[in-house]
Structures are given as structure tokens and as C-alpha cells.
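Shown below is the structure under consideration.
When the chains are written out, they are named A, B, C and D in that same order, and each has its own residue count from 1.
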Amino acid sequence: MADAGVEALTTFEQLLAGGLLAGLVFALVAVGLTLVYGVMDVVNFAHGEFLMLAMYATLGLALVGIGPLVGLPLVAIALFLFGVVIYRVFIRRLLAGPPEATVFGTFGLLVLLQGLAQSLFTGDFQSVPHPPFQGTLRLGAVALSQATLVEGIGALVLTGALFAFVEYTETGRAMRAVAEDRVAATLMGIDVQRVNALAFGIGAACVGAAGALLMLSFPVFPTAGASFALTAFVVVALGGFGSIQGALVAALLVGMLEVLGGYYLAPELKMVPVYVAYLAIVLLRPQGLLGRR
Amino acid sequence: MNAATSSGTAALLEVRGLSKRFGSLRALDGVDLDVAEGSLTGLIGPNGAGKSTAFSCIAGADKPTAGSVRFRGREIAGLAYHRVAALGIGRTYQIVQTFADMTVLEAVTTAALLRHPHLRDAVAYAQDVLAFAGLADKRYRLGRALTIADKKRLEVARALATDPSLLLLDEVMAGLTPSECHDAVGLLRRIIARGITVLMVEHVMEVLMPIADHIVVIAAGKTIFTGAASEAVRDPRVIEAYLGSPLEHREIAEHKP
Amino acid sequence: MHVRRLGALIVTALVAAAVSGPAATRAADAPEIVIGSVLPLTGALAQTGAGLRTAQQLAADLVNGHVSYPLPMVGKTGLPHLGHARIRLVFADSQGKPDQARAAAEQLITQEHAVALIGTYASSTTATASQVAERAGIPFLNPDSSAPGLTARGLKWFFRTTPHDGTFAENFYQFLGDLKKSKNIAVKRVAVVGEDGLFGTGAGDAEEAGAKKYGYDVATRVSYPATTTEVNAEVQRVKTSSPDVIFQASYVPDALLFMRGYKQQGVNVKAIFAQDAGFVDPNFLKAIGADAEGVFTREVFSMDIKYRNQAVPLIDQLFRQRSDGAKPLDGNTARDFMGVLVLADAIDRAGSTKPDAIRDALMKTNIPGKLTLMPWSRIHFDATGQNDGGAGIIEQLQDGKYETVWPFDVAVRPVVWPMPAWKH
Amino acid sequence: MRWHLLALGAIVVLGAAAAFGLRDAVTLDLFFTLLLYAVLGQSWNWISGYAGNISFGHAIFFGCGAYASALCVTHGLSPWLAIPAGALVAALLALVTGFPTLALRGHYFSIATIAVAALVDAFVRTQPWLGRANGFELPIQSGWAALQFPDKGPYVLLALALFAIVQLATIALERSRLGYYLRALRANHAAAASVGIDERRWKLIAFAWSATMAAAAGVLYAQYTLFVDPPSTIALAISIDIALIGVVGGIGTLWGPAAGALVYVVLAKGVALRIGGTGKGYDLVIYGAIICLIAAWKPHGIVGTVVDALRRRRGAADIPPGATGTA
């Protein structure tokens, strides 16, 4: 009888740890999305496809001998440039249109990028050859994947760096000014288009870093990003659109809900507590967990 | 002079201790005002005094943190925005809020539907209101394509079409040329003549002075003066309040009778 | 190496002869018989559909050609009983969607005047397309859908050559039974794990039913969303139910997640029985490496079974040449290849393109297993239209390669039981 | 308005002639699909176009109808019963989910609809009485009582009738209190409240009607396809198709959904078949590119762009009522 109790406790500890790590992975994917939303009020529905491109880029580098961790900055830079270009030629036009234009424009981008990936890379599931960190870390009875742990640490570093950037740098302050009031920012002499492009680029760079790290434990395929994106949207809304620390808290919450719900409720219903939490939060506290106003 | 005694009727609107906080910011900190039925009451105050916030709290667009708003003796503080409108309080916005893709007639018809649920009746009533407001020849224009003066006129017409007994006008003359102001004052007089009570926020004192029965001055979220317009400009509290805002102080001073 | 290359050369020459040659000259006067094929040519299943199309077309070309293989109807320059009429496949796209499959079937029947239909891979599209055929009174041959319910609908015009999920589940339990006899193993509790789509649900239901029938306890049934990105809860559920074996129906990403999860959490079972799909994908094997060693999978086809038909490697070569990714013949493509031959055989025996005649001929179909590419005893339809000679095989990943281990009489390697425990 | 009625009349007459005259199953199938998507697009247009709450979960209402049909038929009840039953369930679902969510704006509402649809999908997949992932296959029958026909003609007639009803309802909507209120709410919810419009009440009414229309289309779909399962009726992909039809055609316009459905059918059946047959995703590339181009350069959709052009041609900005697609 006592054994059963101990076992149940161990299971709970394991689920807790697994849920936290899963949450950190969600945070890793969501953090870039938060920045873009906060600054320009756009939900980039092609966010998952940016992630997918980053994963393919990481794969490409791995095939020429540059591993995911070494390749990470390269992928981040590539995605930054990609983001800036996409903003300049496309997103900027959407912002000038009616509000639904950004929703459908970024959605069209999603379809386009998935199609391109399908035609360029086929629908095959591809993984980085011999990725590092494939072992297991044991803390007492709790066993954790080293790769997921590295991804989780990456999430914390990325969130911290982005937070520091937005709070303490000149450009970050300009971004916050644009987020608060676009018109006022223009009057203050801030080049809103430049700030937007930069925010979109940095958001994409975050996704680039996330994609590189995810290749430690996931295969890439044309719809690989879509699996993560839906959770990322929920995380960002839950944390409060635009709140970087909110996204981190929300991601941890979503990870816990998904894992604990999956175990104690039913695995096929594991997304139910996540969506119910989202609905409850947006109804009772529309600004999200840590969102302002 | 007191509004209630001057008109000889009970106040249509009674506001007591109206307060509104946004986080730590006290936008309103105990506003009291009365609006007598059939009167035109002016609400003035320096920038940031809380005039528009007071409007929003009276109209139901914002929920006051404390205080009471009585309309025809009924407590309406905290009531849903659309319910307040349905009770008979119409309003305009300081920054014009049009229905972007609607023509002038459609926008006013939308408002008229409150009292005339059948579209045919609502359109007919809207035509009347547009003729009254002097917008009849522009009824097929898109709201967003109008001049500033016409947009403000449209706002008034839209509010009028809901058949309000109390009309809250938020700076309907701001940004108008003198001749446009003159037209607007004409419309205002016709509105009063129709028996509609008006509470208006206005910066252009020369407009407000001759037509307002009654002035309420608020500063820093508090009512500091209630009385006739001519007394307001001599009241030391009012002058002091405006000192922080030299431009408006000058405005008041210039209009000393 | 040299022998293989020589073989490929010979095969190429044979195909060139089979596809051009006399057939081309006769095309003008011989009548054509149209067989309509509904396949997922666009959409999520497009890649699979492209392979199936290639396999079916290859079969049709071989029927129309004159090069003989030990396969029914191949190399007779068309259908002899119909004046060497050639068969022509007309393809229509299902997009993998039930409503599109229905429209495609209608198009083939009304516009192309197909005398019979074949297809459609996904069980949901087969359901709708076969209803159209039923209504029109046109024979429908399904070589590749595994939902058991398809042949339980009482349709008169529906024939299925492939074994279904029920058979696959039975095979696993028969395999366990055989092992009990030969090795005296002890297995009592089974965990049934699968994605929550048609694939995983269908397989899981059949495995649960099989457990009841063969006297096993279902320790847990885990059904999860196929697009999930983590399986912490699922793995814990399996672990705490302490099963002896796991039945698993997963695609590639989720198969990887589960295998890594089982390893991390030390879920040591005697066997993991996979339902093909993700577990046999070359990319899964590459990514998982030695960690999947010992996993079993059910298969409908293998290049390496004993007593196989001599045509298998030849058809494989032909197929590789025609598929742009140079992909080998696999269970899906081999089954579709055979499906065309079964139809051609029936139409030829019917000696007519009348639907009733073809249906009667299909009901009398009896092709011995050794004349197929498949590990089946025969192709012969029971009253429901299901091939009663169908059977799966079970393979085990040994030294990085899936090897046939059951049925024992066709096995090329002995079973390794239990699977190796996780090494940390 | 006269022109709208004439156009609708012409479509009905031509469609009925096609339904009776044509024997070509493929053309009739295209026509049926077109009408069904036009109905779904219009249904979406009520809540997302006129009222401005962009929904990415509309397929759940379509699913209500389809599943009602499947349940009625497999339980030996008349499929005609599925029309009121499905519509009722859909309307109730709209009221229950709309009450808390319709007050949400922008992305909050859109993501909430995705969440609600995902919950419905998860629910269906766990319920044996709803067929779980296996879905339902409807047994083959024939005749008006069974709402199943061996030929396409009657299906096209039914779809045509549904389309006509939905278009007439939308014409009526544009000329009704509800229609004016929805447009006002979409344009400026605060100003709308200031003229006494109760946002939740009117949007709930629109949402319930919208759901009802989608459910009716769902019944027709189920009776036509005779197969109902989650991926083909309630999945996110179906919701997104419906939304795209609405947007490509032009949201908040009377003929937008029909135009969008036409483009969609041409794309899905034409482009996909011609160049997508390789499995290389070229169809997705073209599809995505078209959506991107419309969003960036013609964000008001096909009909919206035409309406704007008409407005410009009529000089300055004088628009007599009924001159354009929007009342």
C-alpha cells in the first residue's frame, strides 16, 4: 500500500517536471510571437511556418557539418533577415488595410510557405544526423531528456535576453513607445516602420533560435511548425498579448495543464484544460495573465 | 443661482461624488453636477480635468469607481452603455467616431432604429433628423468622406436620431471655422427649442457664454464651481484652476464681459 | 554488385519491350477497357498517392505488354478473352477527402465509362467512392484500406483484397500464441496506444477486441492527438499500467516521441508491436538509431520472405525506375499493383465488360498465393467481398533492418524475445 | 435591391434548368459544391463579415447538421428531422459559445473560436455515440423521404433552394435593423453602443442564424456524401476553407461568398488537379500566393473591390441606397 503511494508520488513528480519542461519548450516557440504582437498588434499566423523554415535551415547546416548549437546564431540571423524582408514587402501592406487583412495575409503566408516546403523538401520527416544531448538526466526518481532540458534553458535565456532588450535598450524603448501609441511615437520622431521591421525581424530571429534548438529532439516536415503554432497562439493570448514575461508564465501553465490533464483526465483530452483555461482567462481577464490594461 | 430653482423643475440629471480611477490615476475625484430639464449646461475645465471621463461615466461608456448618477431620479451609474442610451441619453465624441463604411443616411438610420424598429420608419425619421441638422443634401455621402464640420454635425444628428431627452455634446465646435461655429450654434439653439436638455463640454468660451444657462467647472477631477457663466470667469477658484494652463486662462480672461 | 547491375539492365530492356513493341502497333484496332482509379493525388496524402498511381500504371502496362512474369494476366498483350483488349487506367483525385472521392468516382463512371473502379487508400474516401459504385452497379476493388467496417456494410459490388485491421490484430495474437507454444513466454497485459485519428482508432479497436477474444488484459488504452508535441502523460499512463507488451499505432514524429519517452522513463516491455506507418519510415529508423532495436511491426509485404514469388525483385526494379525518388516497392504499392491484376483477371474471365459479368467473375476469383507478390495464401472473396486468403506478416527490427520473423514458415530470422531492455 | 433579386432569380432559373437538363454528373457535382460552399461562406459572412467577428471555428456548426443527419439516419429516423434538429443544436451551440466569446474582439475572438472548435473536435473523438474518429457511413436509400437520390439533379435543386433562401435572408438582413446594427458594431462598437445597440444581443441573434444556415448545409452535405467524420466536417481545415471563401469574395457583401466559392471551386478542382497531382505542393503555393496577393493588394475581396470601383465611378461619394452590394 505504501509502495503504491510512493509510486503515485513519483509519477506526479515526473509529470510535474515533464510539464514544466514542455512548458519551457512552448515558451521557446511563443516568445518571438509575443514581441511581434506587442509592437504592431499583429498575430502572425505564419509563425509556425517561420519555425519550420528555421528547422529546415538548421537541418541544412547540419548536413554540411554545422551542428544545431553552432548553427543557432546563423539560423537566427537568417531568420532575422527573412523577417525584415517579409515585413518590408508584405506585412507593411497588410497593416495599411482593414484589420482582417493581417489575419488573412499571414494565413496566406502560412499556406504558401507550407507549399514551398513541400515542393522543395518533400513531405518526408527529416532529423539532424547524430544530434548532441540525446541522453537522460536523472534527479532521484525523475528522468528528463537532456535535449528538452537544453531547449528549456534556451527558452529562459531567450526570454531573459528579449526582456532585457525591450526594457533596457534604446531600440527596445522605441518599440515600447510604438506599442503604447503609434501616433504619439511618430510625433516623438520614432520611425515606426523601422521599429516595426526590426521587431518583426527580432521576432523571426527568436523563432530561428527556437527552430535550431527544437531540431535536437524533433524531426522537421512541412507542417512541423503548425503543431507548435496553435499552442503558441494560446500561450501568447493567455500571457497577455505582448507581455514577454507573461508568455513565459502562460507557457509553463499550459505545459502543466497539458501534461497533468493528459494523465489524470485522458490523453485524448489533454488539450481540453489548456483551451478551457484560455477561454476562462480571456473572459475573466481579457488582458491575459500579465498583460497591461 | 441654482439650476433647479432657475428652471423651476427637478434636475433631469444629478451627479454626486462621481469618481473614476485608472489604476493609481484618479481621473475623477468627486464630481457633482446637476442638469435641469430643458436647460443647456456647460461643462468646462482645464485640459486633463476629467471632462471627457465624466461624460463617459455618465453615458455608461465607463464604469465609475464610486458615486451616483441619477437620470430622472433613477440610478444609472454602472449601467451598460447601450442601456443608458436606450433610457434617453445621447452623446457625441470629442474625437469623431463614425461608422466608417456607412453613408450619412445609413448612420443616422442606425441610430433611429432605437425608437423606430422598422427600417422604413427609421429611414423616414432619419431623413427628418438630417433635414433638421442641415445634412439632407449630403445624406448619400460616406461618413468618412465628410469635412470635420459635417462629421461633427453627423455625430449630433446620430445622437439626435435616438430621440434623447438629454444630449451630451463633447466639444462639437472644436476645430471649426467661425462661420461653421455660427452654423453649429444655430443647430444648438434649434435643439434647445425642440425641448432637448443639453450638457456640453466646450473650449470655445465665446460660444458657450451666451447660450449656456449654467456652467459647471471641474478641475483635477473635482467640481470647483457651479453657477452662471458670467460668475464663473470672476470666480477665484476657477481662475486659479486655469492658472496652471495659461492658454485657457487667457481664453477665459478675454471673454470677460 | 555486378550481378545486380546486370539484372537491372535486363529488367530495363524487358520493360522497354513490354511497354512499347507490339502493344503500340495494336493500339489502333484493339478495344480499350477503362478502369477508373481514385487516389489521393493532391493534399496531405499526395506523396503516397503518387506512388500508388505509379504502381497501378506499372501493373496495367505489364498486362498490356508481352513479357511474362509469374503473375496473373501479365504478358498476354491485353485481355485474351476480349480480343486482347488493352486496359487503360484513368485516374481521378480524391484529395484524401470523402466528398472529393465521391465526385471522382462519379466522374470515372459517368464520363470515363469505367467498367470497374479501384482505390482509394484512405478508408474514409474508400467508404464514399465505393458507395457511388454500389449505386451505379459497378464493381469496386479496394486493394489498400484497412478499416474493418468497409466489408461489413453489406455492399454487393465491393471487394477488398487486403487484410484489414482485424486481421492484423489477430496476427499479433496468433504470433503471441505461437511464441507461447514454442518458447513458453508469459504475456498477460497489453497496452493499446494510438493516435486519435481513423488509423490509430481503427487499429486500437481491433487490438482491444483481439485481447478479449484471445484472453489478454488490456492494461490501458491511450489515444492521443497525432499532432502532439510531447507525450509525457501518455508515457506515464503506459508505465503505470505495467503492461507486458505495447501495441502502438503512430506516425513518425509521435513514434519518435514515444520511443524516447519509453527509454527515458525505463518502460521495459517484452515487445512493442507497431502498426507499420511511422515505425517503418526510413527517417524514423535513421533518427532513432539503435534504440528501436527489437521493435516488431505488422507488414503486408516484404521483399525477403521465404518462398517468395520470383517476380518480386523484378517488379521492385521496375517500380524503382518509375518512381522519381527511386523508392522501393512497399506494402502499399505492392497491394495496389496486385489490385489491378486482380481486376484484369476478373474482366478477362468475364469475357465481357458488363458489370454483372465482372462481378460474377470477381466472386469466382481464386488466385493462389504463390502467383501474387503478397504473403497471402490466395485471393478469394468471401460473401462480404473480403479476401479470405489475406494475412499479414510480422517483422522485427534486427541489426537496423526489419526482418520477417512470423509466420515461422516464411521467416528469414528467428524472433528475438524479449526486446532488449533499455541501456542507460 | 431589384438587381439583386433579378440576379438571384437568374441563378435559380439557370440552376434549375441545369438540374433538370444536365446529365453530366461532374458538372452537376461542381455546381452542387459551389452552392454548398456559397451557403457556408454566407453563413460565415453573417457573423464574421457583417458583424466583424472573424471565426476560425465555423465548421462546428456545419458539423452539427452533418452529425444530426448521420444520427437520424443511423437511428432509423427521417433525415428531414435532421434539418430542424441540427439547426437547433447548432443555434444552441452558437448561443452557448457566443455568449461569453462574442464580446471578445479581434484575435481574441478568432483564437477563442479555434479553442472552442478544438474542444468540440476532442469531444466528438471521445464519444462512441458520435462515432469517434471512425465517423458514420449513411446507408444507401432513395427518394425524397430518405433525402437521398441516385441522380444529382435533386441535390442541386435542394442546394439551389438553400442558396436562394440564404441569399434572400441576407438581402433581408441588409435591409433590417439587425443588418444595420451588425455593420455599425463592426465599424465602431463604442459608437454603436452610444446609439443604444446591445452588442451581445444582436451578435447572438446573428450568430444563431449563421449557425442555423451552416447546419442546414451540413445536413445536405451528409445526405450527399453519405459519410460523416471529424476531418471532413468539423476540423480546423474546413473552418479555414469557409473563412477563406468569405474573405476572398469580400466580407460583409451580399455576393462575396458566392464569388469566393467560385474561386475556391476553380482553385480546388482546377488548379489542384492540374498541377497538384505530383504531390509536390505546387497547388498550395499558388493557393497561398493568391491569398497573400488579395490580402495585401485587394483586402476587400473580389466583390468588395468591385463595390469600391463602382463607388468611385459614380463620382465623388454619393451613393443612393441599393446602388452597391452593401444595401
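The criterion applied here is as follows: a residue touches a chain if its C-beta (ideal position, glycine included) is under 8 Å from a C-beta of that chain, and two chains touch if they have at least 3 such contacts.
This one's a predicted model, so the numbers in the text were calculated from it and none came from an experiment.
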- prompt: If you average the CA atoms of chain A and of chain B, how far apart do the two points sit, in angstrom?
  reply: 48
- prompt: Could you state the distance in Å from the CA-based centre of chain C to that of chain D?
  reply: 38
Field: Intercentroid distance (Cα basis), chain D paired with chain B, Å
entry: 43
Statement: Averaging C-alpha coordinates per chain, one finds the centres of chain B and chain C separated by a number of Å equal to 77
- line: So chain D residues touching two or more other chains come to 122, 125-126, 279-281, 283
Field: Two or more partner chains touched - positions in chain A
entry: 122-123, 266, 268, 271
- prompt: In chain C, which residues are in touch with two or more of the other chains?
  reply: 46-47, 196, 223, 225
- prompt: Taking touching chains as linked, do they make an open path (line), a single closed cycle (ring), a hub with spokes (star), an all-linked set (complete), or other?
  reply: other
Query: Tell me, which pairs of chains are in touch?
result: A-C, A-D, B-D, C-D
Touching residues (chain side chain C, partner chain D) in the complex: 41-43, 46-50, 91, 93, 95, 97-99, 102-103, 106-107, 109-111, 124, 127-128, 131, 134-135, 147, 149, 153, 196-198, 200-202, 205, 223, 225
Contacting residues of chain A [partner chain D, same complex]: 37, 43, 90, 93-94, 97-105, 107-119, 122-123, 222, 230, 233-234, 237, 241, 266, 268-269, 271-272, 275-276, 278-279, 282-283, 286
Field: Contact footprint of chain A on chain D as seen in their complex
entry: 54, 100-101, 104, 106-108, 110-112, 114-116, 118-119, 122, 125-126, 240, 243-244, 247, 251, 279-297, 299-300
Field: chain C contact footprint on chain A (complex, rising order)
entry: 7, 11, 14-15, 18-19, 22, 25, 122-127, 129, 136, 143-145, 217-219, 221, 223-224, 226-228, 231, 255, 258-263, 266-268, 270-271
Message: Give the list of chain C residues in touch with chain A in this complex.
response: 44, 46-47, 196, 222-225, 227-230, 232-234, 236-237, 239-240, 252-253, 256, 260, 263-266, 281, 283-284, 286-287, 325, 424
